[in-house]
Amino acid sequence: MRAVVIFESMTGNTERAAGLIATAARDAGAEVALFSIDQIGLKELAEADVVFLALPDSAAAEIAPALVDAGVRVIDLSGAFRLRDAAARARWYPDTHRLPPGVAYGLTERERGAVARAQLVANPGCYPTATLLALAPLAEAGLLVAGTDIIVDAKSGVSGAGKTPSERTHFSEIHGSLAAYGVFSHRHGAEIEQGMGREVTFTPHLVPIDRGILSTIYVRVAPGTTEAALADVYERAYRGATFVRLAGPSLPEIKHVARTNFCDIGWRVDPSGRAVLVSVIDNLLKGASGQAVQNLNVMLGLDERTGLL
Amino acid sequence: MRAVVIFESMTGNTERAAGLIATAARDAGAEVALFSIDQIGLKELAEADVVFLALPDSAAAEIAPALVDAGVRVIDLSGAFRLRDAAARARWYPDTHRLPPGVAYGLTERERGAVARAQLVANPGCYPTATLLALAPLAEAGLLVAGTDIIVDAKSGVSGAGKTPSERTHFSEIHGSLAAYGVFSHRHGAEIEQGMGREVTFTPHLVPIDRGILSTIYVRVAPGTTEAALADVYERAYRGATFVRLAGPSLPEIKHVARTNFCDIGWRVDPSGRAVLVSVIDNLLKGASGQAVQNLNVMLGLDERTGLL
Amino acid sequence: MRAVVIFESMTGNTERAAGLIATAARDAGAEVALFSIDQIGLKELAEADVVFLALPDSAAAEIAPALVDAGVRVIDLSGAFRLRDAAARARWYPDTHRLPPGVAYGLTERERGAVARAQLVANPGCYPTATLLALAPLAEAGLLVAGTDIIVDAKSGVSGAGKTPSERTHFSEIHGSLAAYGVFSHRHGAEIEQGMGREVTFTPHLVPIDRGILSTIYVRVAPGTTEAALADVYERAYRGATFVRLAGPSLPEIKHVARTNFCDIGWRVDPSGRAVLVSVIDNLLKGASGQAVQNLNVMLGLDERTGLL
Amino acid sequence: MRAVVIFESMTGNTERAAGLIATAARDAGAEVALFSIDQIGLKELAEADVVFLALPDSAAAEIAPALVDAGVRVIDLSGAFRLRDAAARARWYPDTHRLPPGVAYGLTERERGAVARAQLVANPGCYPTATLLALAPLAEAGLLVAGTDIIVDAKSGVSGAGKTPSERTHFSEIHGSLAAYGVFSHRHGAEIEQGMGREVTFTPHLVPIDRGILSTIYVRVAPGTTEAALADVYERAYRGATFVRLAGPSLPEIKHVARTNFCDIGWRVDPSGRAVLVSVIDNLLKGASGQAVQNLNVMLGLDERTGLL
């Protein structure tokens, strides 16, 4: 199997992701080649079996449909194909175009079948990965009270902000501080709402750690719903899923998942039906490259864990 | 004016607070003496004009009423006298006793009159200080929609966990990680609910910084309420209040207030009435010793800023 | 092959090392059991092929000779058997006793033959590992000018100070600060001097990172000695040594080796013969458990990298 | 007294320094104006009594002599006028020009008389400040053994690398790592050698803290020289010097001086004459703006501490 990973440039913020994917994909038995976007033409790409795109949204939006047309399977790490709704896509990713056919949303544990068949996998954003893995099973099981707010207060390490130097990512700006950003205006909010099919209030924060996301989620369940009831739902949803671990009331911390592809989920419920969910991932692995490789494994019918443990 | 600061022990976690208070109170013109609790008797204390207690709850609960009886004014940094309701106090501070007469809750900007007259000032907790300064004016102005949830997602630096060494505060435990704790069970939740007169969902988190608290608060206001309307409310509430600064939609960060007595408040509102408030303080100053000195200034009729700028 | 890892207690500062060893030794094909010292008797231990001791010096000093007498091979992570000279041992490890026969100093790359035959391997200290791998080849090649000072200025992350909570390892003490300690009085100084056979000035520092050591070493070589001459010496010394990587004049940084068993060495020389060497390791791996597993591999005739890449 | 502070640009890395100077100089009673270099002409500057230059070397080299010619006193924070020797200046500051007359090297505690009379004060570099305050008194007292090496191993927080975003100052590059840089090639090495009048080996390191420098210095004194003898020398050298504090054998740490204008110096000596000196400063205060204000105070005959305590 021949895989190609395309990233922006040797100094771009996607080089790290590209390297991680290449290593894992090789472990998975693929013959892997790495190219920056200006080094390779469409014709050579068409000879690959799978192409990973670690590119800016607009570049991915341009190249991916052509690859799909050429019969190549694509795993795209950009945001270009994550939103199904054309209006939402036009608002949040104005530089991107139409969706090609055969797109799957690559939240592996929830879309295994679609990923296995997909021509193009839109690898999810880091915040939506952490958040939807905790929220979606509860919604699906009908546990969330209609008409109540869903609040997602998410905290991310700095690698989530990219490797391109900026005033915002200068050590002295981050060290010893903490800030919210993108209130009501972060594109991952739309991605979470798509996954939930309803309004979600999403606020990301930047914290002085290198890697990791912790998402604290506030929902309402019916009064009297127990923590055990949530445990049941999660156990059913994630039976056999190696990379989702259920921590229950002993809430997970970022250090439990740093440098791994795991998503750990914990929850607390009070008698009146207030529930607090805590979900943690490593944004560079389960939130990006790791999940991309997991999707590769599913697409190829390999053991999902290949190259990831 | 003679002030005495009493702290637990030379190695205790309140020594830092005691030192900060002593320095500031001296700047405010007081003759200040520092004692650990085992070094001084009630009789000597009774000669002071004001006594600051930087003690564990149970020790403060025992000594403060006697001082009040002896005519000494007390500023208590413990939690022993913060909750007015006897049942709440019994639940969250089981080692403490009755409230003496003349107790004021020392959230300075909101209780100036009561503090000026008080015999005993219960200095607020750090989380309630950051949270109530942002929330209370909106509640008072009737802006919060009845029956909707108030969610407080708070993040604190490690000095908030005390200086006593523990596994939890070991550098290697904190560095590179992030965790929620005390879900539905932190005593500051009760203090915030008292200040609001209604249920509040409060979740604190520990982040790898030394000092500072950022409180992200989610509320519902009537659809169509503008950010300008909130600005009006805050400006009226904090006219002339040096230590509350209004950041509006450019949300404040911990670095803006670290090592100061300021509380910076920002807010965003969307057309449907969802509002996100962000409030930041230095937990060791506005959240503890700084506010204690501010209360001293109010009690003595001094300029509130004395020793604090 | 049956291996046993013995550590101090479930909460002790050696638990982390024990876990790392067990994982790697299992990868190396050993059947591994973990015990805290109060859970196991000498008789059961005698049935193991190899015993790893992750214990305080005095406990290791007591138990190791008995194991050797019983024919068990021992890899000791304490300092009890590192110093060969009885007077030095009496000074720096006063609680320890005689050396059993068949002790090898487990600086793998420099003692492979001795480790392969050893009954007891004294796993080196973290600072000596980083320092001697850079210094010893130059001394052996006769490059260091006699009678000149050797200065070792070493910087360590906090995990080197153990996991037991103390005032010194509290997050707020470490964060934002930097300190030298143990000047002229650190036991690793004696271990480095033993390795060099001459006086070395060694000063460790504590820096606010979790793991990693960077050792900056100042020596004098003959005027005119080139950087290429040092490269020759190192290349000969470490031919085929997977875990020593030569960085030459592009000096290595801690992030290059964090969470690996590598030691990266760089060097700069000026025309007058001043040389600066920089050596980095992860103190928890090459500086402790990783090198212990590497020694296990050598003792058993396995590929040295088993369980470590 | 009218002072003007000129900095590079609103986003430049000298803005922080300019702000600190302005605040302190106002506290010192000066009427202070702040300008970026493109906002002000030479003619307006000539009306000031004192001008602080917080500019790149080449800009300072151009503007300072003209100001001196116009009779304005100048405190220059760049490196342009620190080196007296023309050859050294040509090598390390190739963009700069001739020295105007009346230049003093502004290491306040050692050059008070020259600073008081100076027309232009070259404010020292951060590393030389920490290093020379510890080394120079020993040299002057004849304590350093001739012909032995002086080794300076210095560690700096990230603010020393400037506020301009770069790959090197990205949070993810610095966090959890540690690196040496500028071996044999840092301009501050030449400045230290000028201060000592002999060769000094100087190696700076970048550590993951925001502010602060710790300089560990290795010298040889005559065998038998005591720590008390060094104490005598330092006490004589710094009698009445508020901002140099002598820690003796209890070595100072960065947290003791962070956010202050202090330089704390400690020392250890062994019987054979090896001495280790440790000197700490805040690079943004005593190592930059703080010392600039201290020099202003000396130039104007004010109490040296004005605006700094």
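Note that the chains are named A, B, C and D in the order they appear, and that numbering of residues resets to 1 at the start of each chain.
Rule of thumb we're sticking to: contacts are C-beta pairs under 8 Å (C-beta built on N, C-alpha and C of every residue); 3 or more make two chains touch, one makes a residue touch a chain.
Not measured: the values here are computed from a predicted model.
Colleague: Mind checking chain B against chain C and telling me if their interface is mostly the same residue numbers on each side, over half, or mostly different?
Modeller: same
Colleague: Give the label of the chain whose average Cα location is farthest from that of chain B.
Modeller: C
Colleague: State, to the nearest whole Å, the distance from the C-alpha centre of chain B to the C-alpha centre of chain D.
Modeller: Inter-chain centre distance comes to 40 Å.
Colleague: Between chain B and chain C, what is the gap in Å from one C-alpha centre to the other?
Modeller: About 48 Å, centre to centre.
Colleague: By the touch rule stated above, which residues of chain C touch at least two different other chains?
Modeller: Chain C, residues with two or more chain partners: 173, 175-176, 208-211.
Colleague: Quick one: which bits of chain A touch chain D in the complex? Just the residue numbers, please.
Modeller: 11, 158-159, 163, 165-167, 169-176, 208-211
Colleague: For chain D, which residues are in contact with chain C within the complex?
Modeller: Where chain D meets chain C, its residues are 148-149, 151, 153, 155, 173, 175-181, 183-184, 201, 203, 205, 207-210, 212, 214, 216, 218, 220, 251, 253-255, 258, 268, 270, 274, 276, 278, 280.
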